[in-house]
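In the two complexes below, subunit A is the common chain; its partner is subunit B in one and subunit C in the other.
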Partner chain A sequence: MHFGFQTVTEEERREKIYQVFENVAKKYDVMNDSMTLGIHRVWKDILVHKMNPCPGTLLLDVAGGTGDIAFRFINYVRSVRQRQLQRKLKHHQNLSWQEIFESYQKDEFNSLGDSQVVVCDINREMLKVGKQKAEHLGYSEGLSWVLGNAEELPFDDDKFDVYTIAFGIRNVTRIDLALQEAYRVLKPGGRFLCLEFSHVSNPLLSRLYDLYSFQVIPVLGEVIAGDWRSYQYLVESIRQFPPQEELKVMIEDAGFFKVDYENLNFGIVAIHSGFKL
Partner chain B sequence: QARRARGRRGGRQQQPGSASGSGSGSGLGSGSDSGSGSGSGSARPQPPEPSLLRFLVCPLSKRPLRYEEATNELINEELGIAYPIIDGIPNMVPEAARMTRQKAPAEGSERP
Partner chain C sequence: MMVSKGNQQYPPLRALQASAVLRRASDEHKKEPLASSSQQHFDSPPAGHQPEQKPQGPHPSYTGQGGQESEDYESEEQLQHRILTAALEFVPEHGWTAEAIAEGAKTLGLSVAAAGMFRSDGSELILHFVSECNSKLSELLQKEQKLVQLGEAEKKPIDEFLRDAVEARLRMLIPYIEKWPQALSILLLPRNIPSSLNLLTSMIDDIWHYAGDQSTDFNWYTRRAVLTGIYNTTELVMMQDSSPGFEDTWRFLGNRVADAMAMSSTASQVQSTGEAVVQGLMGAAVTIKNLAGLNQRR
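Moving on, here comes the complex of A and B:
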């Protein structure tokens, strides 16, 4: 088994990865901004736009630790819901002001339209950070947090409309098991979405990317988080992770149909998508 | 809207543990906020979101769980194990579970 460029047993790998995220949890968001110059926010926005959830969607965000995808999901369905309500009101031409006011009141309690997101992560520290962020930013409705293992999810079959895993699948020890679990918990018709660092095929870009990854990122890790080793692991693990086509085959093996991927920034990041039919 | 949400949470805090009853996935009120600033070692155990209990099953056997308010745990009666809820977050990994019976549960609980 590999931990970055080292060779370790499965158990050692799980242990080491747990420690990496335990160490970086509090600085996770800051590091993401520094390493990617804020571009990770755009990648995550694109993921949620691609998902295009409608109110009433049930999302399971795995390895969702600090809540980035969950918050974006909530914002998205809230604004879709707003527009829905406004359109509804526009059609009721003959309502009195009292009636219009009352309908706003009634729907206020359903501003998410029954949408829900469950954030599941194996690392307690990351979940703590996520929960604190949620409280700080005022997210409470339709959001819950669970400590669980992507390879062995504590959820029943056929439950969720969408399953996302953003920058998490790379850290799973048995990716095949995680994909099988993803398939299991999705409803028929449900969608699997994976956002992850991938492979850059353009040779010049690849060299620049390598340079940046190995020379700059661990240094940033030391300066900002006081932990270059964790960030060394990060950049190494990206290189060890299967490239786009290989991941596509793994997803198909788990039973998903219409498996597809979209490269962002020339393959630095890719979004894989599949459906359970 | 965010501000209003905070206000409502504050109001409901008087009824810990009461299911929200309305059945919609709103998850308002019970459990997971620590308005007093997240203390270490919660003086009052935070129950999980009622909406979450609909989805959770035992990660090993995928069978339903029972919420035990006294110990703030999710119990799998069949296998005789209990998963703790810490700071309002259910700890659904087998490593964290404790056995509720003296004797070991049946072979079926062994991880493949």
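Moving on, here comes the complex of A and C:
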């Protein structure tokens, strides 16, 4: 088993990774911004855009820790719902105010359209930070926080419309188990989306990227978060992670259909998508 | 954006991992008579696969050794077909959008996320609809031809035949007429033009085939261009027609067909081809001009 470039047992790996995220939890978002120069926000936006959720979607965001994907999902669904309601109102302009008032009672105009997101993370610290962020930013409706392990999810079969795991699958010890769990908890027709650092094939870019990763990032980690070892792990784990095609095959093995991937920034990051058909 | 397509040929083990939704086109509840015999084909399961993969859900069909699926097993494409067909019901309400596809998926018992399989501008839904209409037209013309061959019906004169065929095809748009301008504009997007043009030309070819057109000479192009012009212009007139039962449209159609008949009897074939092409182009220009301001019928 590998932990970055070290070799450890499975149990040791889980513990070490838990500690990594326990240490970085409070500074997680700041570090993301400084390491990726804010581009991680764009990546996450693209992920949710690709998902294109409609109101009523039930999302499971695994390893969702500080809630980035969850908040974006809620924003997206809210604006789609707004447009839906506007269209409905246009059609119903001949209603009397009595009828309009009654439809409010029926809660027909709920702003999220029954969409919900469950944020699941194995790390208590990350969830804590996420909950605080939610309070701070004013997200309350449609959000749930659950402690759980991606390799063994505490949810029943066929429950969710979409399963996302953003920058999390790299830290899972048994990726195949996580993929199988993803398959299990998704409804038929449900979608699996994975956003993760991946393999850069362009040789020149790859060299620059390596330089940046190994020279700059751990230093940033020490300066900003006071913890270069965790960020050394981060950079090494990216190198150890299977490249795009290999991950695609693993996803297909778990039973997903129509699996494909989209490279962002020449392969620095890739979004894999599959459907449970 | 680099996208890699999933493999079309499934290895035998994968097809047996019976999915929850892809199912036998026929009876879903058949017993599993070949379970033991199908195991014989996997004496050494490929490395990396879990050893005990029992199929879940509906019983899978027996697959051949070459990894080919038996005829009964539904493919991804057939499933997509079913979803798009189900989605048509919701087009009058939601338009040609991913929302309509999501609603369609819901009626089939699938998650709304299944709409993610298609492009978000709804173009696949429209192309599916056009292709279905063309198939229906083909069937209709074939049936009529059979009746004529059996002597149960009179062979129609060419102008009447063309008029009836175009009318029958345009009538299929009536349930979706509110949202059809939106569809037309999406079909004119550069990305969709190859497919939509393809569907249009094959439909026109079909009509001429059943009209008894055996020509292989220059007339072939002339006839295609003329009929395409007639079809396109009539379609556009239909978008703006508010007369009861679209009678204005059918009258317009009759006139255009009569014009075409008159044209063909003159000696200037080349000129008429050019005119027909110009007619078609004018039609497209008028569409774009109108659609810029046309949100509703009328």
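Brief remarks on what is shown
The working rule: the second predicted complex is superposed on the first by the 262 of 277 C-alpha atoms of A that agree within 3 Å, B and C clash if a C-alpha of one lies under 4 Å from a C-alpha of the other, contacts with A are read in each partner's own complex, and residues count from 1 in each chain.
As a working rule, contacts are C-beta pairs under 8 Å (C-beta built on N, C-alpha and C of every residue); 3 or more make two chains touch, one makes a residue touch a chain.
Fair warning: this is a prediction, and the values are worked out from it, not measured in the lab.
Contacts of A:123 after superposition: neither subunit B nor subunit C is touched. Once the two complexes are overlaid on the shared chain, A:51 sits against subunit C while remaining clear of subunit B. Contact with subunit B, but none with subunit C, is seen for A:148 once the two complexes are overlaid on the shared chain. By the touch criterion defined above, A:273 reaches subunit C but does not reach subunit B. By the touch criterion defined above, A:262 reaches subunit C but does not reach subunit B. Contacts of A:162 after superposition on the shared chain: subunit C is touched, whereas subunit B is not. Look at A:198: by the touch rule set out above, it reaches neither subunit B nor subunit C. Residue overlap on subunit A between its contacts with subunit B in one complex and with subunit C in the other: absent. Residue ranges of subunit B in contact with subunit A, taken from their complex: 1-6, 9, 24-28, 32-34, 38, 48-49, 51-52, 55-60, 62, 64, 83, 86-94, 96, 111. Remark: subunit A residues 58, 78, 108-112, 114-116, 118, 122, 124, 127-128, 131-132, 135, 137-149, 152-157, 159 touch subunit B in the complex.
On the subunit A side of its complex with subunit C, the touching residues are 50-54, 56-57, 158, 161-162, 186-191, 244-245, 248, 252-253, 255, 257-263, 273, 275-277. Taken together, the subunit C residues at the contact with subunit A in this complex read 1-7, 14, 17, 19-22, 48-49, 76, 79, 98-99, 102, 105, 108-117, 120.
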